[in-house]
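Below: a set of structures, written as structure tokens.
In the two complexes that follow, chain A is the common piece, with chain B as its partner first and chain C second.
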Partner chain A sequence: MSDFLKKYSRHRLAMAGLIFLFLEVLLALTIPIFLPLDPIAISRSFNAPPDAEHILGTDGVGRDVLARVIYGGRLSLFIGVASVAITVSIGLPLGLIAGYYRGPAESVIMRAAETFLSIPLMVFVLVVVAIVKATAWNVALIIGGLGWPAVAKLIYASVLAESAKEYVEAARVLGRPNHVVAWLEVLPNAISPLWAQIAFRISQAIMIEASLSFLGAGIQPPAASWGNIMYAAQDLAVLTNRLWIWLPPGICLVLTVMSINLVGEGIRDVLDPKMNNN
Partner chain B sequence: MDILAVREIKKYFFAGTGLWGRPARAIKAVDGVSLTVRRGQTAGLVGESGCGKSTLGRTILRLFAPTAGRVLLGGEDITDYPPARLRPLRRKMQMIFQDPLAALNPRLTALAAVETPLRSYGQGKEERRRLAREMLRVVGLNASCEGKYPHEMSGGQRQRVVVARAMVLEPQFVVCDEPVSALDVSVRAQVLNLLRDMGERLGLSYLFISHDLSVVYYFCDWVYVMYLGKIVEEAAREEIFAHPAHPYTEALLSAVLLPDPGQKRVRIILQGDLPDPLNPPAGCRFYSRCPYAVPRCEEEPPLRELRPGHRAACWLH
Partner chain C sequence: MLRFIVRRILQAIPIFIGITAIVFALANLAPGSPADVVAAAGNLPEAAYEELKTALGLDKPLPVRYALWLGRLLHGDLGFSSNAHRQVWDLIGQRIGPSLLLAGTAILLALTVGVALGVMAAYRPYSRWDNISSALSFIGVSTPNFFLSLLLIYIFAVRLGLLPAQGMYYTGHKSLSGLLLHLLMPASVLGLQMVGNFVKQTRNSMLTALNEEYIKTARAKGLGEAAVVLRHALRNAWIPVVATLGMTVPTLVGGAVVTEQIFGWPGIGSLMVHSINTRDYNTIMGITVLVSLGVLAVNIVLDAVYSLLDPRIKV
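Our next item is the complex of A and B:
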């Protein structure tokens, strides 16, 4: 483990990404303790530029932009992490089963994965959100539930390659039960491509939520998300004259997605044995 | 009493099912092999690459389900045992692999590799560690190796770990699949001696798969020669090395390097490669490459007893 950290810390961009994410999570969780921020409270001034009372100004209905960006960040990160947790908890076991046990399970799972992959994500999400209420949980469930085929295919390919190795046969000869061989012998050796995929998927989920909210179909005001704060920028007057409303969530979004991707790349490089020539 | 008896075992692999469920073509990797391993003895299984000897070893250990035939371990017919019933018996039958680097989980240290198999057989953690440490000493690895991962060890050390891992279960029967062919010549003898010592210590019986006849001569009591999925000759070691009956055995023996380079000998060089197992020749399978082929060889020769204990499948005898 310390070996891992040592190698990772040599990766400067990935380290910067990790520090940024750490600070962001820390701020999202702790700022409300120190500052009396309320993302839905309406003040007397609206569309006001930054001043001492509202550090990032207020939006069109008089809500504090800083408070909304921070609470919006909590929500974006929640959706990113929760949807990937769902994706992995569906995709990983299915990929492992298909790749290790093969047989009928393999064809059923892989055909299902291909079917799911042919669903246009954005259109599907828009339809579902039109039917059920677009709460953070629902959005995470939809994004996560549709994302599993990519993870399943990744794990499947990796498990398939790993299962052909002799140590898997050896484990069976040594009398280890089949499911133990699958989860404890094969999976740990097959899982490394997943870490980069997880990072990539978190950033993608955050983007999808933002796009959805920007289109007005995601998280509904007064709840704040980065996407629905930027929704205001669809108004040309806001876009050109009130940068303080949409620029902060936009910058946060870009930096967060970039950081997560950098962390993913860093982890991938560290786990790749070919990069491990210290 | 035989520790292992294999009766007319077959293992066919099917090369892809047709799109409309057309019957697939069978690769007859093992096509009706019978062999026995006596308790405390070592049987050698010899043949060139692709003749099915590894498949046979794996089918005996039920890593593959046999297409037909029976496998008896210590008199118990284990052919149709489901995996759950087979697992407790796996302790009794172990395997030493050809390439120890591939056969070891890259994430397990030497100690963990030897300790892990014991988990399936219900000892406490302390007891397992103690047994594993002890076994590593027995195979000649000192304490400094315990924490090493496979890629940090030498080929000989890795193979010792593989041996320790099999022996810690106190098996009765061990399949050695080319156990030294991936090792440096300098450590082969050490590993062979280790296997022999372990065999004597635990009263083991081995099925020793190899293409190297000098190793087989050194190690085995009884020799089976396999060609294209079938046994073509079997006899006691001295008998088969002194009086090979089958032309294929003769050709294999002529390829053994002699310790004295000045010694002259007739070298039989076989023409061509092993025939396509999807499409084996009719009649005697060795017909296409046999230097003594006669018209009668278009008919398949049975495995017949020439002298007591010496059997060969050839019309010449």
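Our next item is the complex of A and C:
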């Protein structure tokens, strides 16, 4: 572990990403304690440019943009973490079963994975969101639930390679039950590609939620999401004259996604130096 | 060769059934589906209720209903759009051209830029070009395309007034130059998210190719560097790049939904967003099933092309 941290800290960009994320989480959690920010309260002025009272101005109905950006950040982080937890808890066991037990389970699981991968994730999520109500939990469940094949395929490939090694055969010969060998011997040795993948899945989930809400199909106002704040910019008047509404959430979104991806690349470089091709 | 393609198609059959079964299930869960109509008619007299169920085909077991639905699908019957009051198939047919044009242009842009950068990056690893290409790849995967689109529209359409922000042609006259100007921004946005993949793949396979013995031979023969790199190394290195094209198609489709909507491009993507906002479920399901089957078909074709180009491949 300390070896990992030492190697990771040598990657300057990856460290910068980690520090940015740390600060962001800290700010998203603590700012509302110190500042009386309300993302849904409507003030007297609407479409007002930034001033002392509203640091990032107000939106079309008079809500404070700064408050909405901060609460939108909380939502993005929640969606990212919750959906990846769901993705991993479905994809990891399925990948392990397919790769370790092989046989009919393998062909069923891998065919199912290919089926799900044929339906473009963004389209799939849009369709399901059109049927159920797009609450934060539902969006996390949908993005997480539909994202399992990528994780399953990754674990599958890794478990397949690991299972061919001699110690696995030895453990079986010693009479250890199959599920013990799979979960306690093979998995710990096969899991390392997952860590970087988790970071990439988080950033992808955040981007999908933002796109969904930007299109008007995701989180519905008055609840705040970076995507639904930027929805206003589909109106040319907002895009042209009210940058304070759409630029801040956009910049936060890009910086967040970049930081998470930098962390992911840092983890991948440390755990798997062969993959280091950038 | 032929055996390979036949086997690949046979492998795709369960996936075809899987995709159609998922969309069928979603269509049944959607509000306004036949099941909903029957539920809403719950307080009808018994006989009328049964008659309604029979008329909608709901008296039949689920697998039979799926088979009937699949049969209609294979005949191109995707149902009726509640929104446009037309056959869904007609609506989609009208929009498929612009979507293919946009997606094709985006792929072409991404391939050209990606392969060029990948070749330069592999020729001089860790050089400035290598750094530029990894920076561009990173920006491509880390910038949500709707935000990039907003920025481009703001800069090039609103501030500089150089490019049109909406649609496919200038109103009033259809011209090729107008079309190209309208294509530039959405195709660049869509292309940028794919560039990284092509750069990485080209760089990797070029690095391998440049270390091969036949490259040393070519150099020893006194061939110029350009000929060595382009005619000898790239000729072998571009084949794996084709193989990764299939992986990028689902991302491309997802990106097209958002990008078409922002740029008012009259394609399948903006039709999808419109259908979702107006809850036009027949159109939503029709697009979903066609797009997914399209992804599957593209992958089969690419696998076949790949096996043609490189006879060593056995998938």
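Everything below uses one rule, namely that the second predicted complex is superposed on the first by the 272 of 278 C-alpha atoms of A that agree within 3 Å, B and C clash if a C-alpha of one lies under 4 Å from a C-alpha of the other, contacts with A are read in each partner's own complex, and residues count from 1 in each chain.
Everything that follows uses one rule, which is that a contact is a pair of C-beta atoms (placed from the backbone, for glycine too) under 8 Å apart; a residue touches a chain by one contact, two chains touch by 3 or more.
The structure displayed is predicted, hence computed values, not measured ones.
Because the two structures share chain A, they can be overlaid on it, and in that overlay chain B and chain C fit beside each other without clashing. When the shared chain is aligned, chain C comes close enough to touch A:Gly250, but chain B does not. Counted by residues of chain A touched, the larger count belongs to C, out of chain B and chain C. The superposition places the C-alpha centres of chain B and chain C at an angle of 90 degrees about the C-alpha centre of chain A, rounded in steps of 10. Shared-chain residue A:Val81: touches no atom of chain B or chain C. By the touch criterion defined above, A:Glu185 lies against chain B but remains apart from chain C after alignment on the C-alpha atoms of chain A.
When the two structures are aligned on the shared chain, A:Ala112 is found in touch with chain C, with no touch to chain B. In the superposed pair of complexes, A:Leu160 makes contact with neither chain B nor chain C. Applying the stated contact rule after C-alpha superposition, one finds that A:Leu239 touches chain C and leaves chain B untouched. In this overlay, which is a superposition and not a single complex, chain B and chain C have their closest Cα atoms 9 Å apart.
Residues 165-167, 169-178, 180, 185, 188-189 of chain A touch chain B in their complex. Across the complex, chain A meets chain C through its residues 111-112, 114-124, 126-131, 203, 207, 210-211, 214-217, 227, 230, 233-234, 236, 239-240, 243, 246, 250, 253-254, 257-258, 261, 277-278. By the touch criterion stated above, chain B contacts chain A in their complex at residues 58, 61, 63, 83, 87-88, 90-91, 93-95, 97, 99, 102-107, 116-117, 119-121, 162, 165-166, 169.
The touching residues of chain C, when paired with chain A in their complex, are 14-15, 18-19, 22, 26, 29-31, 134, 137-138, 141-147, 150-151, 153-154, 158, 165, 200, 203-204, 249-251, 253-255, 257-258, 261-262, 272-273, 276-277, 279, 281, 284-285, 287-288, 291-293, 295-296, 299.
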